[in-house]
Amino acid sequence: MAKIPQKRIHKYLRHNKKFPHVWCPGCSNGIVLGAIIRAIDELKIERDDIAMVSGIGCSSRMPVYVDFNTLHSLHGRAIPFATGIKFFKPHMKVIVVTGDGDSTAIGGNHFIHAARRNIDITVVIVNNNIYGMTGGQYSPCTPHDDVATTMPYGNIDNTFDICKLAIGAGASFVGRTTAYHAIEAQQMIKKAVSHNGFSVVEVVSACPVIYGRLNKKGGAPEMMTEMKENSITLKGIDKLPADKKEGKIIRGIFIDEKRPEFNDKYQQLVDHLKEKK
Amino acid sequence: MSEKIERHREGAIIKDDLPEKMEVEINEVNTSGDYKESPVYIYYTWCKKCGICVEFCPTHCLGSKPDGSPFVEHPEKCIHCETCDRLCPDFAITGAKR
Amino acid sequence: MSKKESFRTEIRLSGSGGQGLMLAGHILADASVIDGYRVTLSKSYGPESRGGASRTDVIISDEEIYYPEATRFDCLLALMQEACDKYVYDVKTKGILIVDTTHVKNVSVMNTKVYELPFTNIAKEKLGSVLPTNILTLSFLVKITKAVSLESLEQAIRETVKPAFVDLNIKAMNLGYELADNYEK
Amino acid sequence: MTTKKTEKKSGKKNVKKRVLLQGNEAAALGALDAGVNFFAGYPITPSTEIAEIMATELPKRGGKFVQMEDEIASICTVIGGSLAGAKAMTATSGPGFSLMQEGIGFAKITETPCLIVNVQRGGPSTGLPTKPSQGDIMATRWGSHGDAPAIVLYPHTVKETYELAIRAVNLAEKYRTCVVLLLDEVIGHMSEAVTLPDVSKYRVVNRIKPNVPPEWYKHYDENQKYLSPVASYGEGYRFHVTGLVHDAYGFPTNNSNEAAIMMHRLKKKITFNIRDLVQIESFHMEEAEIAIFAAGIVARSAKQAVIKARKEGIKVGLIRPMTIWPFPDDAVRKMLKNVETVIVPELNQGQMIHEIERLAKDKDDGKIIKMQMVNGELITPTQILHKIKEVN
Amino acid sequence: MAKIPQKRIHKYLRHNKKFPHVWCPGCSNGIVLGAIIRAIDELKIERDDIAMVSGIGCSSRMPVYVDFNTLHSLHGRAIPFATGIKFFKPHMKVIVVTGDGDSTAIGGNHFIHAARRNIDITVVIVNNNIYGMTGGQYSPCTPHDDVATTMPYGNIDNTFDICKLAIGAGASFVGRTTAYHAIEAQQMIKKAVSHNGFSVVEVVSACPVIYGRLNKKGGAPEMMTEMKENSITLKGIDKLPADKKEGKIIRGIFIDEKRPEFNDKYQQLVDHLKEKK
Amino acid sequence: MTTKKTEKKSGKKNVKKRVLLQGNEAAALGALDAGVNFFAGYPITPSTEIAEIMATELPKRGGKFVQMEDEIASICTVIGGSLAGAKAMTATSGPGFSLMQEGIGFAKITETPCLIVNVQRGGPSTGLPTKPSQGDIMATRWGSHGDAPAIVLYPHTVKETYELAIRAVNLAEKYRTCVVLLLDEVIGHMSEAVTLPDVSKYRVVNRIKPNVPPEWYKHYDENQKYLSPVASYGEGYRFHVTGLVHDAYGFPTNNSNEAAIMMHRLKKKITFNIRDLVQIESFHMEEAEIAIFAAGIVARSAKQAVIKARKEGIKVGLIRPMTIWPFPDDAVRKMLKNVETVIVPELNQGQMIHEIERLAKDKDDGKIIKMQMVNGELITPTQILHKIKEVN
Amino acid sequence: MSEKIERHREGAIIKDDLPEKMEVEINEVNTSGDYKESPVYIYYTWCKKCGICVEFCPTHCLGSKPDGSPFVEHPEKCIHCETCDRLCPDFAITGAKR
Amino acid sequence: MSKKESFRTEIRLSGSGGQGLMLAGHILADASVIDGYRVTLSKSYGPESRGGASRTDVIISDEEIYYPEATRFDCLLALMQEACDKYVYDVKTKGILIVDTTHVKNVSVMNTKVYELPFTNIAKEKLGSVLPTNILTLSFLVKITKAVSLESLEQAIRETVKPAFVDLNIKAMNLGYELADNYEK
């Protein structure tokens, strides 16, 4: 580290192997990664006890940069891989980092089933409204009318509300924030990781180079300004007149309930069978 | 000029042949002030000139060089809020109190 | 270079992601199509395609082009130091190297004809924008190498760039020719 | 992508015009020219451009484009579309192709025409997404569980990609099965000057509608000729389709005779029509003592090497299959008979070599030379030339 | 048909080919099939215009019995196959019949995406709380503590609320009924088929031979009596005291909204592009 | 299922006791005895009993059982469990196996041990779910895109199923890869009297933990010996795992040298250890003039036919591979050298025949006799006997 | 006696070799009354004796034979509500007014 | 039948799904294991397993059993007409056929020893339940065919059936022996 002021987060980075990272200038992925690291740092969890698992996508490149037990798996399959790790080593904290496509397109089934199972995994979804890595095809989270390379005339497809989907599937902790709201993100991730059960944090993010250019959104600062101006907290939205609610990004924790966790229930079963013997 | 996006492709984003740059002293350090003196330290080797720190520093303590890279324009204004830290996507700037 | 009975010209345009070399390569390839040559065009889909060194290869021939990778260049255009360093040793003996001295500071080669000009700065100064640097350098290259005919190049430019930018780019083209003429003489 | 431009040019029909086409683009245009009007897919490097072109072109032509949630949904949607009468296709690459294997088996057992373009990338798993490889040759033949034969075409130029795309769609319709057009990453991504052929020159195979009364209709008629009438959903023939082993009407059966009939038809329609299915190029094989056997991008290196070697007086030629499945057994056997040595360069750890070993019975192992490269680079003409000289 | 009184539904059955059907005595699948046929009959839709598509499972055996355009596809994949048919022939009415496992386990992703897309397909889910065809493994819909061959000590896993899941994913018509409430089922299916958009009807069903036996639920009459007694309509549930709500099967239409349908939007795009030409 | 009873009996360790075991049961018990402590799966006929036994046994032993939402999730969860240190397995049949192909490639490129039991059923697609077939032989070798070698074991009795299940788990750990135990439907579903072997007789391979400092640890050490130490997640070695081509540390690389090293290791570890991997039975091959080459259930018919034929004085024997991949090239070549004719009966449309054709170079086609059955029935001893007499 | 469930397996449920029974006159018709006379017609070839119709006929017009199959015990009670129709899983009973 | 030096006895138990023949087959196989024989047991996983004809095959031998399918039966037990009709022609010449006349009305075979008894009715009458019909017929079969020893059969029954049903089934077993004895003499 030599001449660089040691920031707390440097401890967590594979800084002398993999930096500067591969993301485009202004891409939110780095901000989200920072928020995750800071949350873990505050929680004082040992790096050895953390597994970070991802699928495939720009966002899914995160694990390679951090000094945890890291797994860069298959497109859409981060959650089952994470399930295997968590199920065999329940003491570990397992964090999945994934994109909107990775988690809700090809990975949608695993997402809803992990939510149903209420297994103690934290899923951080970097929702940049596009397939970044493959160059800008529409994702299930691309807004209506927006342009993508496979929706050249504007998107006619509907979008998932990721948080609604997670709640519908039975998730016990669900929150949304944006890359601009880095402190909020950090705190929400902290809560999610502490939560004993399946937790989801959707971070609305900027992909200035692909999505931003295709849709003339300006650079990263402009896109983040939009996050700031066009988002509102759960409390705030209630106070808004109906006609102003439309199109707002609602931030906040939608659900945070204590419910029996999968591994705990499994351990109970094992204990119970042992007793019977 | 073509508006075509120069896509980067999957697998496109690995750089293995880079030297381990963290160990290297950087020229530009002086431009932004040495980190021992300056309240804010910018690590130019990692900085990608996205402009986020400049845009969102609440006290406008940062400025933009012609090539887009940030520098500490008004060191005195820094309140060590660490906004720049948190919003920098490249772990390239630090405004924490030392 | 003049064309022999049967020729195969390998040209690499290299620089960084945002410099418009993919488009330039396309125009060059298009021009050779108009000229009636065989041509292959391949772009880098590697780590280089954003940020790092990016490259576009054009092979022009009057015969079937079998192996489509450029390996020994008749001409290398380098708009970035990194790209120049990386590829310069693959230029053929007596090949041509064109560098933009705005970005490329060190060139040390033997047996290669080197053309050094601050293309980016020239574009900024004379055309008011760095954007047409790609066309400027391309037309310089074409004039020097005679890889394709000037008419075809112009036609390709006109057909490829957006209408709004045609004029600017034609200006850039002519400027490129001029620079080459000066150089030659 | 130069879609726009191409379009402009191909607008004037029957005018031969040379254009610059990317391989992926050629695959898409070929499919469109063969009448494909339905695309369901999921993006993946290095095949994505095909989906992007289809997304641009199909809505303009009243065709259907949809991006599905994954590759499994894509192939199933394609089959659904085809059953409803569409000429349907998808495009993918290795990982997506693996995910489609179950659906491919379904297309085959239900004899539903469709086209899959598989643009190969490097390595198993995620591998080397932007690097060339020929690792899926066997997977296109044997990937799906159970066994059913495959038709797989493998072009080596952009122009041939266009032509074989047309052919692939035609064969799918004719043989009522899933056909794979296998591309190399380099071919998919490379642009070449292509003289767009006169589309009217190509015969396009279209399904013939049945004219028997619905009660008589058998979706799997035992006496059926290829290109016999076949019904689509929603046109008065309310037939049943299942992935279970079925009888002539499409109803499931456990009867061993009916099972045998069905299974044999799947095989027979390929093996009895090898001559129609197989295309193979013989390149400078006159009096050759050494043969190179190579497909796709590697064949291009081989051609260059052959030309150089011939100039030096070495009697070497190239055998290049354009249809790799069914494997051109007879043709290859015949061509290999007169050579002494055969060199098999491929961008994998040994796939087609197994077929050559099987067919080159008269040659002992020292005369069947492997060249295998799996590091993400191409085999160069020089490397092949060296090998030629080595064995000469 | 000779000596048998012609019932209206016989017209729709492949009666001289495939009957008696394969389902166990008392299995609800036949009842649900009857409800679907009656709904179609009342709607007066031509048989030629109907495609019935299923996956794999006992319930997925339905298509073979009815004289429509029928497709018995792959486990979990009925919806994408149906999507292909509907997308190419939008004038057809496409009905998917599927089991709880087929639609929500392996097929979960296609289910939520079709819901999001709001494509005009009607999905009838025969929810018998088990994998019937493979002999009684637990499904995502097996109630907590119930026994299944892969949960021999009682199910520790959570269940999906299919309707909640569909709503979370964006479905525009969602209802639930039971096999006992055959008239209600018929009417609900009728509405669902008429609905222009993605519609889901969950029919709580009895699998007396596998699920019933494993869990000592008695025969079909007993299991259907339970449906009768243990279910309540949407309106009814509101009136119930909180402590009595627990464990009740709630019947009714949870959502029925008019929203732009996928094929309609696609057609608009095609028309728009034609105009531009 | 006779799980309960077996348990009672196998409770008394080291006491040899004959019990009635179903093939699926034997696979499950073998895996358990080899230390499997993690199962994630999805039910499918005819493999379901394996999951059911695991669901009963694992929680009792403190192991982990989970039924996932599909086969894709199952294989991924298995790999995740294995990376965390579990001895992990799944069981499936054709359609599920097809769905697992992408995951299988991931296990192979990341060198993560795991066991997949594939109980084959009839036909492509849904096919004939309760009927026997040997249609997945090639799919176990070539099913996944890209190419990476496979280890596949193929027992022919219930007892051997137990033994090869143990061996399969051991090989997975030893060679750090995904191993397939391939069963026939008939063997999976049939019960046989088995003398449960003394478990302590079997060596069980366990992972050795690394003892180097974490900074030194290379998850893919080039100099690694088999059975070298390997770390699991959560134990102080914070290594990286990716499905991309990677370097010795597990970090992704596009460097062609590193890619070559990685790819070659995947191949080498199989090809350099053929002797350790291959098991093959030679049955009455003394002075044989005719050899039958058969695996699994078909080998049982063949054995009966051989015995009968020998009684009639016909010099015929059986070559039976217990390891089908890597294919026992050398052994088969040697065994075939002295026979005149080889008969290859299989329950598919021709899979292992390709390998035999490849290896039996000295025999012309008339001397390599195919017997292929795909109607859901077994090939009977009588049928084989007829064929023997025909060619004798 | 073992409680083991005799599972039926996937693919287990195809019966192709059955005669086309719809065309056949059935013996038992008389037991339940000829359909021309009886208000309810039971098609025994398809009936699987599940007991649902008997259980849920609102007027208790149906009875159960010793082997479990239904018969019309009280023809006069039938109100042609078609409940039996709708709830019969086997399309084997019809109570509609004729 | 008496056992030759080397023997292979193929027995098929057939009836309908609910008649407990899977269990009976299991007990028979278990008994032969206790006797020290080789044995294979296979059940039908076909259309028959519910509703239609169900079958369980047991092959008992003192040698390795290679081909595990029963094709020519030494003994066929048929508890249903359908099953009887379907399988009766595969009984060996001089093989044994045992039918339950409660359900099987027509038997016409030659060269086969036929035992006809209304087992189900007998069970109902003498044991008060049709449930143990499977054990009743199995023990009858064993006594007639001597496929396994009576001790082993009893042990197998005791080990297999649920404790609550052991007595009833032992009673059924003894009744089966009795019936066979009567018949034989």
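Order of writing sets the chain letters: A, B, C, D, E, F, G and H. Residues in each chain are counted from 1.
Note that in this section contacts are C-beta pairs under 8 Å (C-beta built on N, C-alpha and C of every residue); 3 or more make two chains touch, one makes a residue touch a chain.
None of these values were measured; they are calculated from a predicted model.
Asks: Considering only C-beta pairs in contact, identify the chain pair with the most of them.
Replies: Of all chain pairs, the one joined by the most C-beta contacts is D-F.
Asks: Compared with chain H, which chain's mean CA position is the farthest off?
Replies: C
Asks: Using the average of all C-alpha atoms in each chain as its centre, how far is it in Å between chain E and chain H?
Replies: So the centroids are 43 Å from each other.
Asks: Could you grab the centroid distance between chain A and chain H? Build each centroid from C-alpha atoms only and quote it in angstrom.
Replies: Measuring from centre to centre gives 62 Å for this pair.
Asks: Taking the mean of the CA coordinates per chain, how far is chain D from chain F in Å?
Replies: Chain centroid spacing, chain D to chain F, equals 31 Å.
Asks: Compute the distance, rounded to whole Å, between the mean C-alpha positions of chain E and chain G.
Replies: So the centroids are 24 Å from each other.
Asks: If I count partner chains per residue in chain F, which residues reach a count of at least 2?
Replies: In chain F, 44-46, 59, 69-70, 72, 95, 102, 106, 125-126, 128-131, 242-244, 251-252, 254 touch at least two other chains.
Asks: Touching two or more other chains, which residues of chain G qualify?
Replies: 3, 7-15
Asks: What are the residue numbers in chain E that touch two or more other chains?
Replies: Correct list: 17, 22, 24, 56, 74, 105-106, 108-109, 113, 133-135, 140, 153, 209, 266, 269, 273.
Asks: In their complex, what parts of chain F are in touch with chain D?
Replies: Residues in contact with chain D: 72, 93-95, 97-99, 101-102, 105-106, 108-110, 120-129, 131, 133, 135-136, 138-139, 141-149, 242-245, 254, 256-257, 259-260, 263-264, 266-267, 348-351, 354-355, 357-358, 361, 364, 374-377.
Asks: Name, in rising order, each residue of chain B that touches chain A in their complex.
Replies: 3, 5, 7-10, 12-15, 18, 20-26, 29, 35, 41, 43, 45-46, 48-52, 54-56, 83, 85-92, 94, 96, 98
Asks: Would you pull the chain D residues touching chain C in the complex into a rising list?
Replies: Touching chain C: residues 2, 5, 18-20, 45-46, 130, 185-186, 189-193, 297, 300-301, 303-304, 307, 378, 380-381 of chain D.
Asks: Contact residues on chain D for chain A in the complex?
Replies: 42-45, 48, 51-52, 55-56, 59, 65, 67, 69-71, 95, 125-126
Asks: Quick one: which bits of chain F touch chain A in the complex? Just the residue numbers, please.
Replies: Listed in rising order, the residues are 38, 40, 59-60, 62, 64, 66, 68-70, 72-74, 76-86, 88, 102-103, 106, 233-244, 251-252.
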